[in-house]
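Going in written order, the chains are labelled A, B, C, D and E, and every chain counts its residues from 1.
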Amino acid sequence: MDMLASLLPAGIAVHAPALIVVIPLIMAAVAALMPRGIFAWGVTLATAIAVAVLSLNILGQVSTGGVISYAMGGWLPPVGIELRVDMLNVPLLLLVGIVGLLCVIYALPSVADEIAKKQQSLFYSAFLVCFAGLLGVTITGDAFNVFVFLEISSISTYTIIAMGAGKDRRALTASYNYLVLGTIGATFFVIGVGFLYMATGTLNIADMAAVLEQNGHDRVTQAAFAFIVVGLGLKAAMFPLHVWLPNAYAFAPNFVTAFLASTATKVAFYALIRFVFSVFHPEVNFVAMSFTWLFAVVGVIAMMVASVQAVFQTDARRLLAYSSVAQVGYMMLGLGMGTAAGLSASMLHLMNHALMKGALFMALGAFALNFGVRRVKDLAGLGQTMPASSAAFTVASLSLVGVPLTVGFTSKWYLVTAALERGWWWAVAALMISSLLALAYVARLLSAIWMETPPAGKAGLAPARRLAPWMVLAPMSLLAFANIYFFFHADPLVGLARAAANAVMGGN
Amino acid sequence: MLEIILERFNYIPIIILMMTGLYVVIATGNLVKRLVGLSLFQTSVFLLYITMGKVFGGQPPIIVGDYHGEDAGHGAEAAAGHGAEHGAGAADHAAEAAQHAAEIAYSNPLPHVLILTAIVVGVATLAVGLALVVRIREAYGTIEDDALNAADYSLETGSAE
Amino acid sequence: MWTPELSLALALAIPAIGGVAVALLGKYPNLREGATLVSAVLLALNVAYLVEIAPSHPVLELANLAPGLHLVFRLEPLGALFAAVASGLWIVNSLYSIGYMRGNGEKNQTRFYVCFCIAIGAAMGVALSGNLLTMFLFYEVLTLSTYPLVTHKGDENAKRGGKIYLSILLGASIGLLLPAVIATHYLAGSTDFVAGGLLAVNEVTPAIAGVLLVLFAFGIGKAALMPVHPWLPNAMVAPTPVSALLHAVAVVKAGVFAMLKVGTYIFGPALIAATPTSDALAWIAGISIVLSSVVAMTKDNLKARLAFSTVSQLSYVTLGVMLASPLAMLGGALQIVMHAWGKITLFMSAGAIYTATKKTEISQMAGLGRYMPWLFIAYTVGALSIIGLPPLGGTWPKLFLMQGAWESGHGLLIVALVASSILNVAYLLPLSARGFFSAPEEAKLKKKPPMLVILPPVITAAGVLVLFFLIGPLRDYLAPVFLSSSLAAEAAL
Amino acid sequence: MDHTDLTQYLDYALIAMLLAVGFAIVRLRNLFAVAMLTGVYSLLSAAWFVSLDAVDVAFTEAAVGAGISTVLMLGAMLLTARESEPAGAKRHWAALAVVVAAGAALFFAIPDMPVYGDPNSPANSYVGMDYMTSTPNEIAVPNVVTAVLASYRGYDTFGETVVIFTAALGVMLLLGFGTGRREEDEDEAPGKAKVKAGKAGKKEDKA
Amino acid sequence: MSPHLILRVVSKLLIPMIVVFGFYVQFHGDFGPGGGFQAGVIIAVAVILYALIFGMDEARRAVPPIVVRYGAALGVLIYASVGVATLFMNGAGEPLNFLDYDALHPDQGHHTGQHYGILLVELGVLTTVASVMLAIFYAFAGRVPDIPDEEW
């Protein structure tokens, strides 16, 4: 940790919280000026590397020096906007930073395949804005600033999802529906923040919590809670507010899907945790009620229903998208336990799920790159024609089921342990049933890849085509490998998750 | 009870307006009109914020009074708006202005700032949304939700054979 | 240096390296099969050493997954015995596979041998595991690595069978076994195998232990306790060496071994006896024994008949565990060994007949004994051992089980055991009779079966005979486990 | 309500008109009328903003809501359709359910909301009012809204600039740079799996 | 062409005035309502008016789309570079935070720095907003070959 903390010179390290958001934003503008896509990609790559380094440095700083508070413009909170990093949002910064970097490496061949040459630099620019928006949501300590950055990331997301229209016009309707629902969500969130402001007179999250603790809760804060949960729930694709997600993931460009699936909903979910635990208090009556009767119950329903829906999808990416909704259900369940163990299990699954879905969507992207594959049955025989990508896909999908030797097992282990600690046997049963459903839909994918014979025309491909470009293969294999590596070395992730839970739940 | 409501009369029409906007978003099948509803909804939320910051007998949060000191380097724009006044010192003037601020009731500037930002976000969303609608119109030939769903559905079943 | 720890690691490493070697040598069939055989022999030698040092309980920690979650190997006599059975039979089975796969011109042979290596490695992992988590992990690897073997043929039938195989085994293990493992971890704070029973030592109440026992009994799907047995007959679509592996060496034995291990080291005999559900489970095991024997009688397909026979024989072990007396458990442990040698003989015989004649139904096999006398003698010896006649290895487990049942006051179950033996006679011996005494349908065999499919069953049949006389050392080797276990458990309760 | 001043009656009138326009938008199906009414709605709210002392907001709302948004909607309408089809019953009830639920949550909160115009409500007595007293000392700009916007919460405004930049990115990516549409169509789909655009999509809409 | 002669003459006079008014709004933002955002809109409206009256092609010649695209990015860069500049221009030796305008004029009383900062960032906002509004207008208007007269 000390090593991470001294990664950057002190003069830069002090400003790391601001730079991690501002650098991508500046570079977004720079990328938009680039005459050719490849230059814009270079800018994007440089940015992603910088962000990854900064996020590691911030991790080092937080673990050695505790909470970082950065006063934007030198105005101390609550007057100014505060950037605040504690152990709860550090994992998210790392996640977005590092997965973002891998996705950017992956982007070059994928984007070259899917986006028109003329549009590439603007596309990368929009991606960087989205990237920065997610980081901004994660790092800010100001409730209204959350809204601003949420919208920065959302508006750019609508755009880059719509860029899938080059391949399939349904990307447009998917993006439109996301836009409408996302804006409703954001507006609900603004209403909620407005109510909180009404009740507290401040916009700083920590300050709000302090005022609320002093003044207690009334109807206004209860309404605020409801609106914020619904608003952020829409962004986080919490069941049944997930309707925008499957199509958006299914028709976006592959690179976008890989990036969004592993980061965007996670960040929204983080924001939800932040509000529920840091602004409101888990022991306040209505919050505690919402844990059991809203998060846990809805989480369990999501785990079941979305998994069943996934089983019956014909489009491979939509299948995985429904699986994502189910996985959000797991996280909701962990959150709904309302205990430190539950929350840390939820955070652990959040990180692990990013590893799985990143690799899965990247592999599907690799298939699409070579063969234009979209539907489940088109996957037939890919195990023979593209063995490396198929292997990565297999590892990640086994992880999704929760098979041992993969991180999926670790996160389920912690979820079940947390449920047992709470005495929720029904939740254990639900977790198991949902895992079996996951097995069912994963088996469809895997049996198509490995057991079917490839249709004529694919088997005879030249060896060069049989491999995805290394820029696709490398990040994908790395993520797949991480799925195994972090099973054997669970300490780093589990440690982060524990620290995150303790940061908001108190305790050691 | 009635008094409670009457003292907060401003909220009721605003809530109704918000819900009107929301209703339009959900109930309409026409993609343009849904965006209209969205902007209706947002504008009404802006009203909620602004009424929150209203202070009775207040004034717009622009501090009047001649506190404006002539500290060096503050030439151009001060001259543009105000006659440059040479006071005893900037600090004194500032104190005077602060006193002004304390004496006169002003409305709360913070919601105004927030809503300025929100308006911009709203128009940005609207622009992207409308651009999407135009593209959808070109790709599908319709902007009615039901027709779009039907087209997508037929595409799906058509290509799934 | 040749330390116990190194040897433990090698038990896993040899099959792994063997698998890699096989994969690399895929283009040269002779070298490839050579690699398989060399690995098998090396593994057997290594395991022989392990058997010798087992009483000293060496421990090897593989990885520390997280606080409270370790991957640990810990050697003890039961595991050593299972490892010995698996590794010893792997040699024979490898020889046989070579004959069978070449004789039948199967496709994808490299994949077959690689998966075989992985499966054996996983079986070693199960045998040597030092806690439930490790065992669960290798148990799952075993399931996954045998799936491509089961569906080896790749046709619709194979896929259907494979689907049932995978869904029942994974379903049971994720749905029942995993919660049981996690609950054990939650209740006891660890999942280590402890003499006298982890749960007993941690003073878990019999009621909760009873629930867990049910979860384990059905969650360990590989033990094929009814009604989670259908995967087993459905896996018969696999090539015969695989069936031999499934039914004799690795898969089902891993299941009942896990059952035995859970009974001995997680619950402990005393706690099992105290749970309210163990009686019911013992009866379910008894019913499984009889019922599947009856079903076996109705099957004309030889492999299907053998499969139901396996279901029946496996429940002996479960029965031994549920009876929870030292003798019964010892009987269960011995059953793992004896049944393995007996059943592999039968399966290899079935495969040899198929290789020679392409016949799968018993009714078609009249008079074949005249052309393949050695094979049919081997088959008969194996069958007699399964039935439990002296002087064959299969005698002892039945004897001990009966004694154990009597000892623990379940005299009625003896009837089930006896009935089963009679049914065994009724469904296993007709083939011998028909083979030797009926008139053959054809004048002579289409082709002479390769030596490599005849020799292995003969070897194992001889082994069955030898095992009868090895009972003394075996008993002495295993007895401390159950005696100390029950003593420790009594002390704890 | 111990304070009564004349502007209140203006407020009532504005509220009444806002409600009338809002309901009209729900009812009308002619998109041209709807777009114009949205502009009217924005202007009315701008008027109310002035009455609520929010002159900056009023200015912006008038310029953006009544100006830019209306022009955008008209432009989009010209490119798409003039009439909207009536809403189906299913949608109607679904919308009603959502609206009733959200509205109920809002009405539920009313009794604890601050009294209109209360200078001592939490919102008006804490950070917001701090700006009024600290701006003369710290920034010395008369318009406190500008001070807060550009300095105290300058980071938000930076975000706002990025949002508007993103809108341009989105529109440019979706519709091109305003150099005509045919050229866009040609290089829109570089991939192999080109899905056919809707049949009607190719037709120019000059209705 | 001819029917709009008066319109053209008037607008030729009007458009510069609109631009001037835009800048007034920009620089008067410190004192009264207005600021970069509103000014940007006003200036964009001036160009849009020009386009409506003299045609899209004419407008595109006056303000080419590439300028618009660069302008949008430039505004963001102006704003951000003010922030980055504050990082490097350390106040009285101690590091100042992002967007801390005091750094811009450290020697004087700190109001001046704030004034400079506000002015500069508002300039950034103006650039972006004006460019973006034009970009959006171009994009939508460019979609139809030309707007038929009878539509308006």
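What we mean here is this: a residue touches a chain if its C-beta (ideal position, glycine included) is under 8 Å from a C-beta of that chain, and two chains touch if they have at least 3 such contacts.
Predicted model only: the values in this text are computed from it and were never measured.
Common neighbours of chain C and chain E (chains touching each): A.
Under the contact definition stated at the top, the chains bordering both chain A and chain B are D, E. Compared with chain C, the chain whose C-alpha mean position is the greatest distance off is E. For the criterion of most C-beta pairs in contact, the winning chain pair is B-D. Of all chains shown, the one whose average CA position lies nearest the global CA mean is A. Chain B and chain D have centres, each the mean of its CA atoms, that are 6 Å apart. Remark: chain A and chain E have CA centroids separated by 36 Å (rounded to whole angstrom).
Averaged Cα coordinates give chain C a centre that lies 71 Å from the centre of chain D.
Computed centre separation for the pair chain A/chain C is 44 angstrom, with centres defined by C-alpha atoms. Within chain D, residues 55-56, 60, 64, 68, 72, 75-76, 79, 102, 106, 110-111, 113-114, 121, 123-124, 127-128, 131, 134, 140, 142-143, 145, 149, 151, 153-160, 162-167, 169-172, 174-175, 181, 195, 197-198 each touch two or more of the remaining chains. Counting partner chains per residue, chain A shows two or more touched chains at residues 25, 28-29, 32, 72-73, 125, 144, 148, 151, 155, 158-159, 162, 165, 169, 191, 197-198, 203.
Looking at chain C, no residue sits in touch with two or more other chains. Checking each pair of chains for touch leaves A-B, A-C, A-D, A-E, B-D, B-E, D-E.
For chain E in complex with chain B, the residues that touch the partner chain are 27-28, 30-33, 37, 105, 108-109, 111-112, 115, 119, 136, 139-140, 143.
Looking at the complex, you find that chain B touches chain E at residues 60, 62, 69, 71-74, 77, 80-82, 90, 116, 120, 127, 130-131, 134. Those residues of chain A lying in contact with chain C across their complex are 398, 401-405, 410, 412-413, 416-417, 420-421, 428-429, 432-433, 435-436, 439-440, 443, 447, 450-451, 453, 487-491, 494.
If you check the complex, the residues on chain D that touch chain E are 55-56, 58-60, 63-64, 67-68, 71-72, 75-76, 78-79, 138-143, 145-147, 149-151, 154-155, 157-158, 160-162, 164-165, 167-169, 171-172, 174-181, 206. Put simply, chain E touches chain A in their complex at residues 69-70, 72-74, 76-77, 80-81, 83-84, 87, 95-102.
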